[in-house]
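For reference, the structures are reproduced in the following blocks.
In what follows, chain A forms one complex with chain B and a second complex with chain C.
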Partner chain A sequence: MATRAVMFTIGKFRCFPILKSGVAKFTTSSNLLSTATFDPGYTRDPSEVFFKENVQALLDRLTGRDYEKVFQNRKLGQRLEPPKYELLTQAEVDQVMAEMAAKLKRKLQMPPLLKEREPVTKILSEDPELQGFDNCKYVFINISQGINDRKREVVVRDPNGVLRDASWEERQRMCQIYFPVPGRQIYMPKMFEETHLQDCLEKGQYEFVLDRACAQFEPDDPDYIRVTRKTYNCVDENNKFSTLRSTRHFGPMVLHLVLCKRMDNLLFHFITSKDVKAAVDLVRLFHLIWSDPSYSELDEFQLIENYIQGPAVKKPALELAWQTFLEIEKQRLEALSLSQQNTASN
Partner chain B sequence: MAARVVLSQALRQLAISPKTFTVSSKYTTNMLLKAGGGSLSFARSFSKPSDEVSSEPNTESDPTLVVDQKDASKMRNRVIPVEISMKYLKSKGYSTTYGSEPVWVKYRRNFKGQFAPDTRKTCIRQEKLSTGNPCPICRDEYLILDYRNVELLKQFISPFNGAILPTKKTGLCQTKQRELLVAITKAKDYGLIAFDVPIREYDYSDYRS
Partner chain C sequence: MLGYVLKSLSIFTGKQVFILQRILVYSHTTTLRQSVKTQPITLFSTVKLTPPLISTKQFNPSVSTVRNTSFFNKLPADSLWKGVTSVSNAGKKRGRGRAVGKKMAKNLNRGQVVGVGKTNMLWPGLNSPIIQGRELIQQKKLPDDPDREAKLLKLRDEMGAFRLLRLSPLERGWSGPKLPGRSVGPPDPVGEDNFEGFDTIVLEFKIVCNMKGNLGRTRRTSAFVVTGNGNGLAGFATGKAQLGMTALRKAKNRAAQKLMYVERYNEHTVLHDFFAAFGKTRIFVQKKPEGYGLVCHRAIREICKAVGIKDIYAKVEGSTKNVQHVAKAFMVGLLRQKTFEQIAEETKLHVVEFRKERDYFPQIMAKPSEVKTTKAIDDMDLNLHLNAGKVVSKRKKGFQPNESDPSWKNHIAKTERFRNRDQVRVNLLVEHGEVRSFLADKYPECRQIKFSKKMEES
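Let's look at the complex of A and B:
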């Protein structure tokens, strides 16, 4: 007779270290997934350009400011309350709007674009007389309050007697156990493995994947870089830029595409949706990063045309879109001038 | 009631006493499956009962059960694969039974007084339903709580704040609620259920070289 599958109580969904005389014990386990071969797109260090003020300003302008989207109710299991209605004077309204603008800026803070971190190699001491003290390594962490997790001391005593600084994975795992970050799991969720990641991206859940990656990884983690670059490339291939517009991920995505020199789809998207300002900002950003900034002094339309004639890869499609846009603009201006003449004569 | 009447008529035709008959697990399988969502299972479809109930006891190595006619529908010893459960959720039998509402909406608990106590520990003991009025998942054997059965799991997640609904609302027994928590956690881990993640803020000074 077939038996039912064995049920198990879930308990607490966290792994606690086994304490032995006050010291946490871990068996060697690999948390790292082999990063599948993928084309990084560029070897330049993005942090050189990401933190520049002019680049940040351009990316901020490109992201857009859709208040409805940014302040959407997030379903975090919180207790729901009915909305409050208040009667305010104009001055109070202005003050509230200013507060909201500051809050929006915080919500749209861009996750940094960095290069992969170097593995930790620092050895603190070698004591071969301690060899074979146990069959697993001992990990020690300084759990004082108020220390930045990136600077917290985490050291490992290997069974061969070497005392070294913990690797990045060991460090993150220990810090997550003692100082948990909300939204982060101790083991990497299976969602970030290749097959499942591909499934999520095919369903179009770009914002979910990116949000979860931000919560789960540090920005210089190789897994974070792999996941985010794959998502950005997917968005670019499928032309789904509007899903990420007005989110904190749009800026890093644009910078990634510009560094890869594959911003043509995005430029096409801006031109066809008649967002000239965004198109101009994008071309200015390109010139900031790849060539000298003197280009940015040119006229707007001239800038775009220069780009389409020059460094663009998908020239035919861009040409066509640009010409169509110019035509529509001309007709619109003619219609506007006609109506103005009519009202003047009347 | 209609199901029992129909079945007893069928058995009378085959000249078997309608009260008890010896049935092996193989035949419960046949009866429950081949009637297409079955006249004996909770999800009522309006198909005729199968004529293949044989009077001969099974001579194979499967141990036989002595099962009352009304107890056949209470057996929960079959392991049903998830794929069949997922198919069931899209079937006509499901939609006639539940419509477009979650499966727990029409379930009504029985208790004395105004305030419901905690739900029971389990509806299933020794591989059969051991209560009248079993919980919404136990009563329908084709509702399988598995991380792949996302359509079913989403019915137990609040559409307003993304929390898992408490048993006081859904009426699930404690074992099924635990299974549900496991399945939902697993589904979120695999990325099959999307959810809002708490926003993580950065201090740029940590990352500037």
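Let's look at the complex of A and C:
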């Protein structure tokens, strides 16, 4: 199994015939095998709503900004270093905190919620006279700097003489060889296989699974969609929303749940944790996505009540939670007014 | 009587000539005859045999004399044992008796009871009551105890040599059976204070001498110990006494009266890097992250355990053998540490911590009551401020390759293919469950032989 590493240059292409007889492995990559499409629970293209400005703002608000959570201790797989100390003036502290705000924004950037990508079928030329020129495919890649990996020219000459654009899997593998993305592996890690994924989710390692999926896959990769949607559903079923709060995955998860119309658990979670603002935002998002214009005039409490009376699926549980919340709120207000009266009389 | 004995022996042993001395002791001929018949002759220590001369026709007996008096039967047992187990003063001066102290006198009377001997006899009045119930007990022979002799010998073997108490590896000190590094338990309770959770460790244990006008050189044992509860409280002290155990007790109880509280960072390391000195001993201490361990002088390590410090690096320069100076320097350094609040107040600046695992998120450890707006040169670095402008000089790295050196290039070329070997191993194990060649698909018979531990056939 000799590998050919002959390099030759034609025009602006630097062409590498690679892995001469490693083709078998190449074409039967696990990505191709597991193309049985995962049903996300909706037919709409989520990118239509995801990139809308008001949706982004709502998702951003729902995510929250807990600095302690975002900058929590993480296991980096490296030897620990002793902490560093600095003596800072107030201005310097403010400046560092401003830098941290920018860093937080970068860390909380949401991976987009997209629909599955279309397979590549573009054929550049058919040259039957080249048929049987070799028993393997030749892949050509432009390795110039400064090109987006999705726009990089990667073409394949098949043994039957067809010159075509590389498939998504071929492209990703070639790009990973020449421009490795940190944390990404050429073959899909076993963790994302169905059985192992189930184990990971049962252990409650949602954030880890989602983070690694972000590093491994493109957001429109069918495997990414399968893994992430499954994780979102698992979080929803187990009511573990707080583990994903203040992470970059909370927004896409909320959007996914709203698109599936299974946001009742989340709303229940918000109400029981007395986070009315988040609950209101969630209902607003629901109306925004399912294009109901009537919501904008209503006040906050009315909005939630209308949702519970209207489109909610788990009505009894939500209603009960909402009533208890209202009662507690009422008591709190009474106590507050009493104490205010006392202070006034004193 | 003698004639009878000789006669009986000559009947028994033919024409050999015997010189029997000890046999005379026996007065009871029947016992003698019995013993001679049942025991091999060699048991008689003073009997000397000359082999029978078979080749010569004429019988020519050889006679050798035996001295009956020696220091063995003249001196008492104490003096005999002294000769074996000790050495004279004159001999000591000449360097004799190096093994003195290893051998000890055996008490041969141990395990022996009056009335009990080789022959298991019942002697009424000696080893049994005379009357049992209404019957008078008769003197009679009981069956022999075959293990008696072996038991007696075993008991004697156990005595002679001096044996050390066997210590578990965790209880051992720094070196061999020596005391330094060993734990001697918590200090003795004072009033209601029981010193619960305290442990004492010996740091130094030595003999010290003093010259006196009337007594000459007087020796005492000095013990230097540290005691602590592993939770910030620790103290150290010396104790001197004639006996080592007394010195230890004194030192331990004195240390318990001199407890000091040491501030720690998250209960695992020091507050900050520091330098401390006592005499010629200088110590540079560094703060380390969790899991680093105690990488320092062994005396410092024991003090850290007593205080409850778990992660530290300390470099001792100057005298490392003077344990008392090392301990004092380290303790002085620990007590001179500044808390973050103190530093903030001194510098009038925020003390901010940055950790890599938190992605360098600033954690404000202490705020001053009023913050100044401009910084002095010493405020640029915390260590600079703590050391009053001094900087710890760092040693040069030992080997720095010259990258244009052909030999270095050669080395890189040779070792390049091994650079990610451990990672490749892990990846192969993840992917295939074994470390395999890239040719394994084509030639499946070529694979690594897996060694499995053979089970013992039983």
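In the analysis below, the second predicted complex is superposed on the first by the 290 of 346 C-alpha atoms of A that agree within 3 Å, B and C clash if a C-alpha of one lies under 4 Å from a C-alpha of the other, contacts with A are read in each partner's own complex, and residues count from 1 in each chain.
Methods note: contacts are C-beta pairs under 8 Å (C-beta built on N, C-alpha and C of every residue); 3 or more make two chains touch, one makes a residue touch a chain.
Note that this is a predicted model, so its numbers are computed, not measured.
Peer 1: Could you look at A:71 and tell me whether it touches chain B, chain C, both or neither (first, second, both, neither)?
Peer 2: Touch status of A:71: second partner only.
Peer 1: Quick check on the superposed pair: does A:183 touch chain B, chain C, both, or neither? Answer first, second, both or neither.
Peer 2: After superposition on chain A, A:183 lies in contact with chain B alone.
Peer 1: Answer with first, second, both or neither: which of chain B and chain C does A:146 touch in the superposed model?
Peer 2: neither
Peer 1: With the two complexes superposed on chain A, say which partner A:100 touches: chain B (first), chain C (second), both, or neither.
Peer 2: Second partner only, chain C.
Peer 1: Should A:119 be classified as contacting the first partner (chain B), the second (chain C), both, or neither?
Peer 2: Neither partner.
Peer 1: Please work out whether A:211 is in contact with chain B alone, chain C alone, both, or neither, and reply first, second, both or neither.
Peer 2: The first partner, chain B, only.
Peer 1: Between chain B and chain C, which makes contact with more of the residues in chain A?
Peer 2: After superposing on chain A, more of chain A is contacted by B.
Peer 1: Counting only touches as set out at the top, which of chain B and chain C does A:132 meet: first, second, both, neither?
Peer 2: neither
Peer 1: Tell me which partner A:80 touches in the superposition: chain B (first), chain C (second), both or neither.
Peer 2: Both: A:80 reaches chain B and chain C.
Peer 1: Do chain B and chain C touch any of the same residues on chain A, and if so, which?
Peer 2: The answer is residues 1, 74-76, 78, 80, 107, 189-190 of chain A.
Peer 1: In their complex, what parts of chain C are in touch with chain A?
Peer 2: It is residues 272, 286-292, 343, 347, 349-359, 361-362, 364-365, 371-375, 379-380, 382, 385, 430-431, 438-439, 441-442 of chain C that touch chain A.
Peer 1: Along chain A, where are the residues that touch chain B in the complex?
Peer 2: These residues of chain A touch chain B: 1-5, 7-10, 13, 47, 51, 74-80, 106-107, 109, 111-112, 114, 148, 150, 181-183, 185, 189-191, 196-197, 199-200, 205, 208-209, 211-212, 214-215, 219-220, 248.
Peer 1: Would you tell me which residues of chain A are touching chain C in their complex?
Peer 2: So the residues of chain A in touch with chain C come to 1, 25, 67, 71-76, 78, 80-93, 96-97, 100, 103, 107, 187, 189-190.
Peer 1: Mind pulling up the chain B residues that touch chain A in the complex?
Peer 2: 25, 62-63, 77-79, 127, 158, 160-163, 175, 178-179, 181-182, 185, 188-191, 194-202, 204, 206-209
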